[in-house]
Amino acid sequence: MQTHQAKRVEIIIEAPMEGRLTAALEKAGVTGFTVLPVLGGSGRSGRWTRDGQVGRAGMVAVICLVRPERLDGLLDAAFAVVERHIGVVSITDCAVLRAERF
Amino acid sequence: MQTHQAKRVEIIIEAPMEGRLTAALEKAGVTGFTVLPVLGGSGRSGRWTRDGQVGRAGMVAVICLVRPERLDGLLDAAFAVVERHIGVVSITDCAVLRAERF
Amino acid sequence: MQTHQAKRVEIIIEAPMEGRLTAALEKAGVTGFTVLPVLGGSGRSGRWTRDGQVGRAGMVAVICLVRPERLDGLLDAAFAVVERHIGVVSITDCAVLRAERF
Amino acid sequence: MSDLFRLAADNLLSLAILCFVLGLLAALARSELTVPEAAAKAISLYLLFSIGFKGGASVAAHGADGALLAALAAGVVLSFVLPLLAFALLRFMTRLGRVDAAAVAAHYGSISIVTFVTATSVLVDRGITAEGYMVAVAAAMEAPAIVSALWLASRGGGGSRMDGDLWREILLNGSIVLLVGSFVIGMLTGAEGLDRIASFIVAPFQGVLCLFLLDMGLVAGRGLRGARGVLGAGALCFGVIMPPIGAATGLAAGLLLGLSPGGVALLMVLAASASYIAVPAAMRVALPDANPSVYLTLSLGVTFPFNLVVGIPLYVAVATALAAG
Amino acid sequence: MSDLFRLAADNLLSLAILCFVLGLLAALARSELTVPEAAAKAISLYLLFSIGFKGGASVAAHGADGALLAALAAGVVLSFVLPLLAFALLRFMTRLGRVDAAAVAAHYGSISIVTFVTATSVLVDRGITAEGYMVAVAAAMEAPAIVSALWLASRGGGGSRMDGDLWREILLNGSIVLLVGSFVIGMLTGAEGLDRIASFIVAPFQGVLCLFLLDMGLVAGRGLRGARGVLGAGALCFGVIMPPIGAATGLAAGLLLGLSPGGVALLMVLAASASYIAVPAAMRVALPDANPSVYLTLSLGVTFPFNLVVGIPLYVAVATALAAG
Amino acid sequence: MSDLFRLAADNLLSLAILCFVLGLLAALARSELTVPEAAAKAISLYLLFSIGFKGGASVAAHGADGALLAALAAGVVLSFVLPLLAFALLRFMTRLGRVDAAAVAAHYGSISIVTFVTATSVLVDRGITAEGYMVAVAAAMEAPAIVSALWLASRGGGGSRMDGDLWREILLNGSIVLLVGSFVIGMLTGAEGLDRIASFIVAPFQGVLCLFLLDMGLVAGRGLRGARGVLGAGALCFGVIMPPIGAATGLAAGLLLGLSPGGVALLMVLAASASYIAVPAAMRVALPDANPSVYLTLSLGVTFPFNLVVGIPLYVAVATALAAG
């Protein structure tokens, strides 16, 4: 099956920043992303869990598949939002089917 | 620790197709997969979110770890299901512990 | 944008073992991890789904981003916990922003 | 002040509409007010269980015999036929292609259980009784429309995928199973059963319905925001013209069957309403090339509010006028 | 028609059974009807809080003194001893290995809170009173069985992992904490407290229980579908023979304690029922080599329905016959 | 025995406190008892809808005219001013930096809706009436404090990010929209509307509140466990000194406005309470450098329990003494 090189960027970020992050991604020309729920985690700001919370507490994971040439624009956009916020960004090489979608 | 090469395939697909996709995977000899919930996302068919939905709306992420030699069978099976549906497929190189499981 | 090599370890494990796994990770010097919910899956112990369950049934996905030199310690710690339990471990090469966090 | 305002609110329907409108406005204003998915699903399970059970208990009390079967048959026929009507209208009024038109048609042949539940509550509120088995008719009308629509799509080579799995999914979809199941339980346990759980399924019912309509407003509003420009003027027109047409067929069938005024009103509501849960899922599987924005926006964003605000009072008024008890 | 049907439904139990059966059939027919996990958990929290509180309030009203302690002690002893009995039976009747048999035995020594809740509702329904502190006995019986079972497993070198964390998890598991906590709150606030929240924890209780049993049926049905062939004939037999044996020990203990007929019935139910929430989680941690399909299928797919349909009416009948108030 | 215990429980507040304490203890003992996120959110939606609706219906019944506007204005002023007071105190009593102090100050200028809801229930329980529009005042007090706090932070170059999106998020946050929306619906539909859904929003209200307080205890306890050592003695002191100071300003305002004793008590509660839902989310966006452990622990782990146990009875006592009806 024909596959194409791409990058998988995974951004774990505070839920209240989700809207700003995805807006920035769209502005940077990212055509698609997927948001996964996060149950809990641990990092420099300590341990947390989603159970029983009411507000827009917690974090979400935003996954973007992009063509390699779009990566830098995406990272700049994401970084500008994430910079001062709790969260992590990781980038993996991947292959995708149907490259015309990215 | 002894690790083994494998492929991690991530398929993001409409929830109503989940059963058909996993059935096709099983038919293609895929011995295991994991289904993650998806909160929302954006793509060619626009933005969506799971909040407040009632039906089997939305999407799920299906993750399969397979031996490299099984990849093509898996992709063929997945593609046959995904082809006409909303969704994306990405493949990453990975290493796994306990290769006998895959 | 400046990125740094790292490893992304994804451990899918039974929910009742989550606390033990994360405790072991912390002991092994892992400074951060993220826990994602899992809806269902299939493996050697058969098919399962989270729907309608009440207890701490089901599985979770624990994701750790670590510096490459920490990987072995992490895998040893994780393996000791996962060994006799239902679950899978995969490792991917990745790049991260803000390496000082890992 | 209060007197003037209260004019708007002389009945349950106003309350229901206000809750829907609150949700709609909140979503259109991009408030982050949301109902968790699990809560919305739980509420819909509650509504289905409750309405099914009460229908069954009412049949146990008043009997049903042949009338039940006749009404079921009428419902099935309506559900088969309405998509043909809708499809013809759509091809005439809009620029939708065959597949999209067939998908939309499936929604209008099938039914919206929330519209039905709201209408039931409005009847209770006004003291109008209806046949308890109308809930079984509702269940019977969910699926046949899908068959008609897939036939319409396939005539143009639309390549619908109708396999055994899909049949099972459609016929055993959650709402049909729960409606029919609780209807049967209600029939088996009758008034005694109802008594035992009335403080759960009767007393809080209208309040729960209001919260659910709030969520429907939120979902509809978010859908409308995302789908701006998806519907042309023709499609919008269809969304408000098809319900009264459907209601007219329901009226005819109801009068033929000799239903009570309440029963006629409910059959009109069923025929007039458009599915937004079961059929969309079936369409994603069977007609993946149809654009979901079109049918969801029409069903949830146009026809549902139309039926809530204009339709239900209209259908009830017509039914009570014509079907003299 | 309705008369004939209604014979089946002269009591709450029929209603409860019907709801369970609906879920079971839906799952076996592979309907996609599901209750969201969060909703199922919320309902179980509600049931635990309600049953605990009502038990405590009843103790506040009628007093408890030494009888409470004696009943607690009896419950703990039963929970310790029943796994030994179950283990012996399992090794005799089935081909299960030591570890699997120990894991199953743990479930039968512990209790199923839903079976208990259903039995309580049945007693209320029939106007039979029971000691309020039976809910505390239920909490006390959750954990000891696990200790016995781990001892059984370790005798064969099964290498169970019993660390401090596991102790804490077992003793402070959600249902024990909530049951005991709300029991204490009920005891402290008494009838006045109960009055204040009765329209929440008393009035809708039976209806909520019915919905929960529907979910239990769905989960049990999906489990049975996935576990076809996991249980041999011997294990199936065990699943229906062990409950009456357990009930007999509960009967003996109840008569010795001089409990009321209702209390005896509840102690029988506790001894007869098998855990399907707390113990499975503990077994996954402590006996990872035991096959979860075996114990879950037995507990939820065989013994739970057996107790619901046959057990509860049997135990109540025996208890009221022998424990003349 | 029961007599002695029941002394503790002569009112609803004791019941509410006991539920909170149960959750707190369970979390501190690291029990795995948890309320699913979706259930907690659904309960909070219920409480907001219910309290808003009842407030609106009460205004429809008793009228409001100018008094409503005056109270709204007073609330807005309090919400703007209280953060300045809190900020000064924090800089004096603690070693918190400007940004952290400003973030904490925002929480104390804003309000905690659960504290308000509990106080309302306590008033109902004691038969003390209050102005229905106090719920609108509660909504009006949510946001202004954020503005003051961002101004305080920016004076030191804290670089807060106050953009249009943030404005919308703050002003249209879920709880404001639902409170105001259901208040308006309650006003429009009046007593008739309330009647229709009273068995949903009135009868079970106190029980649902108890379950929610259990969850609050769990969340607070987990927060305290994770935040050990985050708060110095000064901050802890602030957490119990600020509420009475806030209450005093609320008292003054309430007396000036000529509110009923119940209304004065509620305004005191609003001024004394600290936000733990809306403001934390806003702070994460606007003041990302502020440490969330500090403000969440203070608000939810210190001030909320203080108000529940000491504050509410104190404020009600003072209000009924001074605001002779």
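Chains: A, B, C, D, E and F, in written order; residue numbering restarts at 1 for each.
In this text, a residue touches a chain if its C-beta (ideal position, glycine included) is under 8 Å from a C-beta of that chain, and two chains touch if they have at least 3 such contacts.
All values reported here derive from a predicted model rather than from experimental measurement.
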| note | Note: chains that touch chain C and chain F both are A, E
| note | More contacting C-beta pairs: C-E or D-E? The answer is D-E
| Measuring between mean CA coordinates, which chain is farthest from chain F? | B
| Which chain maximises the distance between its CA centroid and that of chain E? | A
| said: Please tell me the distance, in whole Å, between the geometric centres of chain E and chain F computed from their C-alpha atoms. | reply: 40
| said: Centroid from C-alpha atoms only, then distance chain A to chain C, rounded to Å. What do you get? | reply: 18
| remark: The positions of chain D in contact with two or more other chains are 32, 34-39, 41-42, 169, 203-204
| query | Hey, what residues on chain C touch two or more of the other chains? | reply | 36-37, 56, 92-93
| field | Chains touching one another, given as label pairs in label order | value | A-B, A-C, A-F, B-C, B-D, C-E, D-E, D-F, E-F
| In the complex formed with chain A, which residues of chain B make contact? | 10, 12, 36-44, 59, 61, 72, 75-76, 79, 82, 88-93
| remark: Per the touch rule above, chain F residues touching chain E in the complex are 1-2, 5-6, 8-10, 12, 14-15, 18-19, 22, 25-26, 29-39, 42, 125, 203-208, 210-211, 214
| note | chain A residues touching chain B in their complex are 1, 3, 6, 8, 22, 26, 31-37, 60, 65, 92-98, 101
| note | Listed in rising order, the residues of chain B that touch chain D in the complex are 14-17, 19-20, 45-58, 84-86
| message | Taking the touch rule as given, give the residues of chain D at its contact with chain E in the complex, in rising order. | response | 36-39, 41-42, 45-46, 49, 59-61, 63-65, 168-169, 172-174, 177-178, 181-182, 184-185, 187-190, 192-193, 196-197, 199-201, 203-204
